[in-house]
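Two complexes come next, and they have one chain in common, chain A, joined by chain B in the first and chain C in the second.
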Partner chain A sequence: MSRARESSRAPGAPEAPKVIGGKLPRIDGPLKVSGRAVYTSDVSLDGMLYAVPVPSTIASGRIVSIDAAAARKLAGVRAVYYRGNLRPFFRSAPPQGFSGLIDEKRPPFEDDVVRYYGQYVAVAVAQTMEQAKAAADAVRVRYAADAHNVEPHLATEKPFRTESERGNADAAFQSAPVKIDQTYVTPTEVHNPIELHATVAAWEGDRVTLYETSQAIMNHREVLYQMLGVPKENVRVVSHFLGSGFGGKLWPWTHSILAAGVAREVGAPVKLVVSRQSMFQTVGHRPRTQQRFRIGAGHDGKLLSLHHEYLNQTSILDDYGEDCGEATPFMYSVPNVRVISALAHRNIGTPTAMRGPGAVPGLFAMESAMDELAIALNIDPIELRRRNEPQQDESSKLPFSSRHLVECMQVGAEKFGWARRDARVGAMKRDGLTIGWGMAACSWGAMRSDAQASVEIARDGTVTVTTATQDVGTGTYTVLALVAAEATGISLDKIDVRLGDTSLPPGPISGGSWVTASVIPAVSNAARVAVRSLLTMSTTGPNAPFAGAKFEDLQFANGRVSRKRDPSTGVPIGEVLARANARAAVGDGQSSTTLGGEESKKYSLHSYGAQFAEVSWQPETARLRVSRFVSVIDAGRMLNPKPARNQIEGAVVMGIGMALFEEARYDKRYGAPINSNLADYIVSTNADAPPIDVTFLDHPDPVLNEFGARGVGEIGLAGTAAAITAAVYHATGVRVRELPVRIEDLLRG
Partner chain B sequence: MERFQYTRARTVPEAIGIAAQSTTAQQSAPIRFVAGGTTLVDLMKLDVERPTRLVDINHLGLNAIERTADGGLKVGALVRNSALAQDPAVMRDYRVLSEALLSGASAQLRNVATTSGNLLQRTRCMYFRNTAMACNKREPGSGCSAIGGENRTLAILGTSSQCIATNPSDMNVALAALEATVHLQGTKGTRAIAFQDFHLLPGDTPNRETVLEPGDLVTHVTLPPPRSGTTSRYLKLRDRASYEFALASAAVVVEVAGGRFRYVRLAMGGIGTKPWRMTAAEQALTGAPVDEATIRQAATLALRDARPQSQNGFKVELATRCLAHALRLATGMASV
Partner chain C sequence: MKSALSQLSFARPRTLEEALTLLRDEPLVPIAGATDLYVGLNFGTLKAQRFLDITRLEELRGISVTGDRLVIGAGTTYTTIMHSASVRAHWPILADAASQVGGVQIQNRGTLGGNVANASPAGDTLPVLAVADAILQLRSAQSQRAVPFNSFYTGYRQTVLRPDELIVSIELPMVEGKQWFRKVGTRAAQAISKLVMAAVRTEAPRIALGSVAPTPLRLRRTEAALAGGSSIEDAIGVLQTEITPIDDLRSSEAYRRAVAGNLLRRFWAS
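Right after this comes the complex of A and B.
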């Protein structure tokens, strides 16, 4: 690949203000809008073949026979593989920390059992995509079907598992003067990034390069080398640009292993692009959750107890747990808490993390219950939360590293005009429509993971930053360029960021909203080391320009090394390097994880926010739209507010979908997700996106990194659906506890 | 997708001649006209439609909007949906048609989609579009998966034990209320079919959707002259704000004089197996006072024969409200 393709900077990209906290457009923007950014499914290699998998059309049973004779005769077809004629794959060993993770652990074709509709049972390889599709369609598979179970109502199979407990929640609830006891349901939601999952696999001898739609290339390599049975160093994973993932592209899925295996067998590079329909089956989803939430409270609104009992669907073989109770133990001050969880296995594809896993469905339940409590008590919902603001994380007994939830609510209330609220149902009108207002609080864990980065300062004054993380489309290229510019004092237009290649220094996953927090310390350390190496070259060596000078007396500014006392002594980078006969000054840096680290033993690390929704409602036609949204986020210091705002806006739009539209429906008779396309799986359109007012409080969180930055990829979705359903209640009097809100529900209003 | 032969027809007789070789003019026919292709090509990619020959009719002209001798409008089969929606005469005299078109699909699709293609667009029933599942419309005799399945969006009027698929078109609802006429040309000459008679009920042959015979080409649609004093509106209800088919929609054409309905034409979409004229409600309203009670009664009457399925019972109520509100809009009793 050419340098231009790999590099983040488009030739001629505009130079933008070089200040942290400025509003820098994405440096990769021009590449993307001009179509020059090479995404995985754009990768085209000499002699490349196309693979199209054959999905099962039953949800449970056995494969009796596979007849590929007709398929093999079709034009352009090179091979059809299935269990028995493809070299088997291994399972990967259990993960260690955030390495070696995979949700669907069974390699393709491991046995002849079908456990979900759409499971790959064969794969056709041909010269063109169309030929491969025709061949895949022509493969005849006979099944012995068993009864399948895609029942949406969830019941425990085993006793609940305790996630968090303190005090005596049962007794406190029993004797509480005011009680809320409701069950909240969130449906199966599908990530549906616009970019389809894809793999291009190219072998050279026993080495393979995988072009991947991956949010975690290092992990991808860790899993794939094991499953393919080759040395780790023989696997290279590349992911330069992503058309988003929302968590669906974090861990490897069966198509990737299949593409690699097939390419090895057929002896040519192979491209496999997952169909939109298969994206509802084989690459994960947010599982259906069913959450009973109980609150015991005093008449003064003080919380006495919380019970959070939740179940989620998972697949037959894998135990994916949706961590709905994540925020429950620390969100509010309450002496008695019980959080328990259980799984319900179904004949569905394996679920996976989706934007704000756990907290997003969990906060829908908790914040809805809080709203119901506020109504039961006739207390303003902001005031109710304020009265229960904790002084510390009461589950871990640790101080918060930085928590400004009350300020989020205050600022939000002001921006929204909350003081004008008439709390009576249906009391507020505008332009012939009924208006409903609702709010919810939210949180999302703040973390940092291990990361390494390298920085090179070259003779021509350009800087190259490298780390094997990836940019999901959120602006990682840009933020790392900013950090390098800040640390070296070299202007942004001279900084080139290279990501998305496992041959670079190991970087973090693009998940959990950690990338920024994790990788910026590594990059800024690396940049400082590189500057130091430049200063060392300035003082030591036979031709050093400042030979004998003390290191501390020198500075590097404006691309020159000079004596601090006398900036006019400046020597340009090029000259320093030339005199030392060095190509570049280099530095490596790293950051370490907070998981089990010092900070996590001392602090409770979370971001917070407050979401305010307005809906407009026409009772005559049951038509409801979100008409306004205010989101106030406390996620530390914003390094680059422009893409950060974009993240929150996008999450709010997704939250509108979560609240009002999105649900994958399984046909009980076929066991198939039946609305597996973007016409029948309804997501928000532009017309559904109201004006969204985003505010960042911008209080630095010094515990996480020197910049005080936390991530913002997920928190915008947390609490959003609860704020909307609260507004729906306020407008219509209908409390919807099972998402999405449907016209059916609203006809009762 | 199956292999197919592509022919660009240069004249109407040529197109008809080729298509007449088909044994059936219905949707499983091996020879098919292609206009905008937004329905047909989509379904071919899904293997739902498997024609062996496509006759491209985009070069036949048939793309003008003209006044007829009686003062009505003649709309060529190949007039694009966007052109029709934005035609000044349509916007002025047949507002309901413009509104219906603009509520459908997306700007990009409307720029390509044609009048005849829209008229003949196929159902969005998820089982029809999925070849792994039984569907009598796609494969006669295979059964109907929608009955007892995911049928929230499907029909409550005109269903049979073989099919409950909705006619999804917005345009068709407006044309029904406007009492349009569909003009065909076939091997035996031309025919004019009243809009109401053009689409067929599914009955035991849901694969047969219209009166078209092998070779029949829709050449144009005519609209009767606009009645002075009438107001017309289209109201579409759906889950999201745009880019979605109707759960219920109503096209109303009314004339009010002296506080009473003098002329009423009503049709509904999203709820019927074909575009549905609400004749009982039309009769009930004609001559009746324009007030809330009358409108509600008529709307309830309109849905009297609804037969909901397992998941779409709400459509009876929704459609009733939709029709009532469209009447309020058309009579100025409501503004939003």
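Right after this comes the complex of A and C.
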């Protein structure tokens, strides 16, 4: 089996400026724009076959029979598998921390029950993709259908679960002089990364290599070895490049297990690429949420009570909870808080984390309610939030590691020109259009997880950084190269970062916006250890150039080891290593998680931001556009602002989609997501993206890591939809509490 | 059941004569840009197995001015139409409509004849052809006939085109007066219309709407009301009796009725 590893750098790629905090383009950019980056579905192996699953065409019921006779006779077909003729899969054990996670826990073909439309009931394997698809279409499945439930209104029969509580929220609400009591709804949203989910599985004896579209290769291995029933070390997971994931590629899905099982059975490598339509059914989604939000406040705007009661839909078998109340307990100063949650089971695929899970739909509710409160009180929405700025995290009673929300709002207001706002509905006009302005605050948790990394300094002066994390497309290769360059003093063009392979030192998941915060301490430590090993080799051994010197008296700079007092004594890396007869100087480093660690016992760790939106509205057609956006983010120190800015811009564009366009709608008759394609599931286009002004406050977080860096993958989406619906209200007088905004509903305003 | 593409076949004639002969002998489905056809294949709604590739037929391509008519080959792409000086000079709203179809890739492949033949009531260029009183030149191996665009559709996705005929060209008689076009979609680009309107301000105004009826609709009685001096509010009342919009995934009847009236008012005030 090939162990050839992908490099992050294209041959001949130009050297870019090396400075932390500079504007370094992604070092993997040339590979991507030239088509040389190998994505999972590009992987092609000798003798490889193609698998295409057969999706169920009912949403609830039982499989009565499967007739694959006609399918097996088609050209190129090698096999058709279903329950009974494919070696069964095991369930994996419950997760430990962030290892062993899977949302849809039932292995494919475990029983004859269908619980959602599109659930895989069989899989065809053939020599070409087309042949496999024709065979899958030719499999005849008979079902005994039961009534299904895809009802959008959410209700629960079980008691709500308490997520956070202090004081007496009900009593304080009842006696509050000013009350807001509204229900906010966010729809089912589908991640829809442009790169389709895919698996290529290749067995050699009882060892398997899985080429995966995975945001968490170590976790993928942890789950798959258990489900396949092989030793852990026999599973290798590879994911060199991702065409994004937005959380949908964090945990394994049924197609991956099927591809591995089928490849084992058929005795050849197998590629399985999930169709766009299936991606609306089988690889997770952000579940529909229904959130009743009550605020009690004084006439001075001081919050007295927050009561956040929310439900989310989940699948029949899996209890996926969308943590909508994540930010509610600590965002503002308020003595009485009650956050409760419940689930509503539906005949739909299992939900999963989607960019900013919990906080994004939760902040839509809370920040919309805050805007409604500001209007009820006739207080500027920024001033309302400023009056409720907490001195500490009032839920944990811990100080914030770094919180600059008020500054975010002040800077945003200046950039946006908020002082020129006329608060009356429909009062602001420009070029025959009505203009609306709205703002919202936001937050996202900051965390560090366990990570290991290795750094090698080779004789030719090049540095190789390795860790088994992956780059979703966000710039992980680049930021790790920057950190290694900073720690070794070796220029960026000589640094090669290798990720996306479980044979490398274990790295973290690419989720929660914590990969940067987690991996950089490991890489930076590993680099320092590698430099020290080089200095040690300079002083010890029979041919050492500085034999007998204390290595504290030596330095490593510009690729040479020299005495600190006399830089002219410099010996190049190659010579040091040659004299020591060493191939390379190596160092291992690690980071430890904040989860249950000292920092999380002492500090409340979060990023903050303020979002400002302008919409333009044409009353005759209800034509609505987001025409301007300002986002000010407090996410610690920015190591590489250019890709960080890309993250915020992309999230704002996604937030425009969340506010105005995106919703997967389930057909009541069949239980299928009816708009399961990119023509009918509407996402923002370039033409919908307004000028976006992104500012990073760049205050280092002294707690999270030595660079003071947090992550920025998710926070740009938080608060964005609430800022837009606030602007829509300002322009039209219509308060939209159920996303997405439909321009049809604005005409009556 | 969806068709595997490998089970499909197509003929690739080099000339129009050859194409029409093939079409006479076998009911092939013509393919030009395939931008609608692929969607049908993928959704399993198009059952055909045998196709006629008409992309190599020079006779279907090109834009010319012949006498008082702008003549556009049925196989001319939206991109070509958008950039044509003749179209910009004589029927600028056709260039506008072409520039709002799909994305760049679709514009590079999709053809005007395809938009007509696909017969969707939401086709972006169709209200323009309706107000132009366009003439469709249809040919078969045996015959040639000219069919007014406004008589071409007989019902939802139904046309008078016979299985052995191809649309060869679309002729737009030139017109005096200000032309007007609006497309209303959910997003700013790559949107399927909630509503699309074309109009010409001449002595006898011409008005057509898409996505408000089973076929693209020329609003003859609304036009007559305006030509006869009715107030705009009365004309909007007439418009409401001419259109039959529905609630669907993309919009609602109420919205389409309200916006159709608002667009008429906007046009008349322009």
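Keep in mind that, in the parts below, the second predicted complex is superposed on the first by the 744 of 749 C-alpha atoms of A that agree within 3 Å, B and C clash if a C-alpha of one lies under 4 Å from a C-alpha of the other, contacts with A are read in each partner's own complex, and residues count from 1 in each chain.
As a working rule, a residue touches a chain if its C-beta (ideal position, glycine included) is under 8 Å from a C-beta of that chain, and two chains touch if they have at least 3 such contacts.
Just so it is clear, the structure is predicted and the values come from calculations on it, not from any experiment.
Engineer: With the two structures overlaid on chain A, would chain B and chain C clash, or do they fit side by side?
Structural biologist: Overlaying the two structures gives a clash between chain B and chain C.
Engineer: Kindly classify A:432 by the partners it touches after superposition: chain B alone (first), chain C alone (second), both, or neither?
Structural biologist: first
Engineer: Examine A:491 and indicate which partner it touches, taking first as chain B and second as chain C; both and neither are also allowed.
Structural biologist: neither
Engineer: Go through the superposed model and pick first if A:569 touches only chain B, second if only chain C, both, or neither.
Structural biologist: neither
Engineer: Could you look at A:747 and tell me whether it touches chain B, chain C, both or neither (first, second, both, neither)?
Structural biologist: Touch partners of A:747: chain B and chain C.
Engineer: On chain A, which partner's contacts cover more residues, chain B's or chain C's?
Structural biologist: Ranking chain B and chain C by residues of chain A touched puts B first.
Engineer: Between chain B (first) and chain C (second), which does A:131 come into contact with in this model arrangement: first, second, both, or neither?
Structural biologist: In the superposition, A:131 contacts chain C only.
Engineer: State whether A:57 touches chain B only (first), chain C only (second), both chains, or neither.
Structural biologist: In the superposed model, A:57 contacts chain B only, not chain C.
Engineer: Does chain B (first) or chain C (second) touch A:669, or do both, or does neither?
Structural biologist: The first partner, chain B, only.
Engineer: Quick check on the superposed pair: does A:396 touch chain B, chain C, both, or neither? Answer first, second, both or neither.
Structural biologist: A:396 sits against neither chain B nor chain C.
Engineer: Share the list of chain A residues that count as touching for chain B in one structure and for chain C in the other.
Structural biologist: 130, 133-134, 137, 620-623, 625, 660-661, 665, 674-675, 679-680, 682, 684-688, 743-744, 747
Engineer: Applying the document's contact rule, which stretches of chain A touch chain B when the two form their complex?
Structural biologist: Spelled out, the residues of chain A in touch with chain B are 57, 130, 133-134, 137, 431-433, 618, 620-623, 625, 660-661, 665, 667, 669-670, 672, 674-675, 679-680, 682, 684-688, 742-744, 747.
Engineer: Please name which positions on chain B make contact with chain A in the complex.
Structural biologist: My answer: residues 1, 47, 124, 126-127, 130, 132-133, 145, 148-150, 235, 237, 239-244, 247, 314, 317-318, 321-322, 324-325, 328, 334-336.
Engineer: Note which residues of chain A are touching chain C in the complex, please.
Structural biologist: 128, 130-131, 133-134, 137-138, 620-623, 625, 660-661, 665, 674-675, 679-680, 682, 684-688, 743-744, 747
Engineer: What does chain C use to touch chain A in their complex?
Structural biologist: 1-2, 4-7, 39, 103, 182, 184, 186-192, 195, 249, 251-252, 254-255, 258-259, 262-263, 265-266
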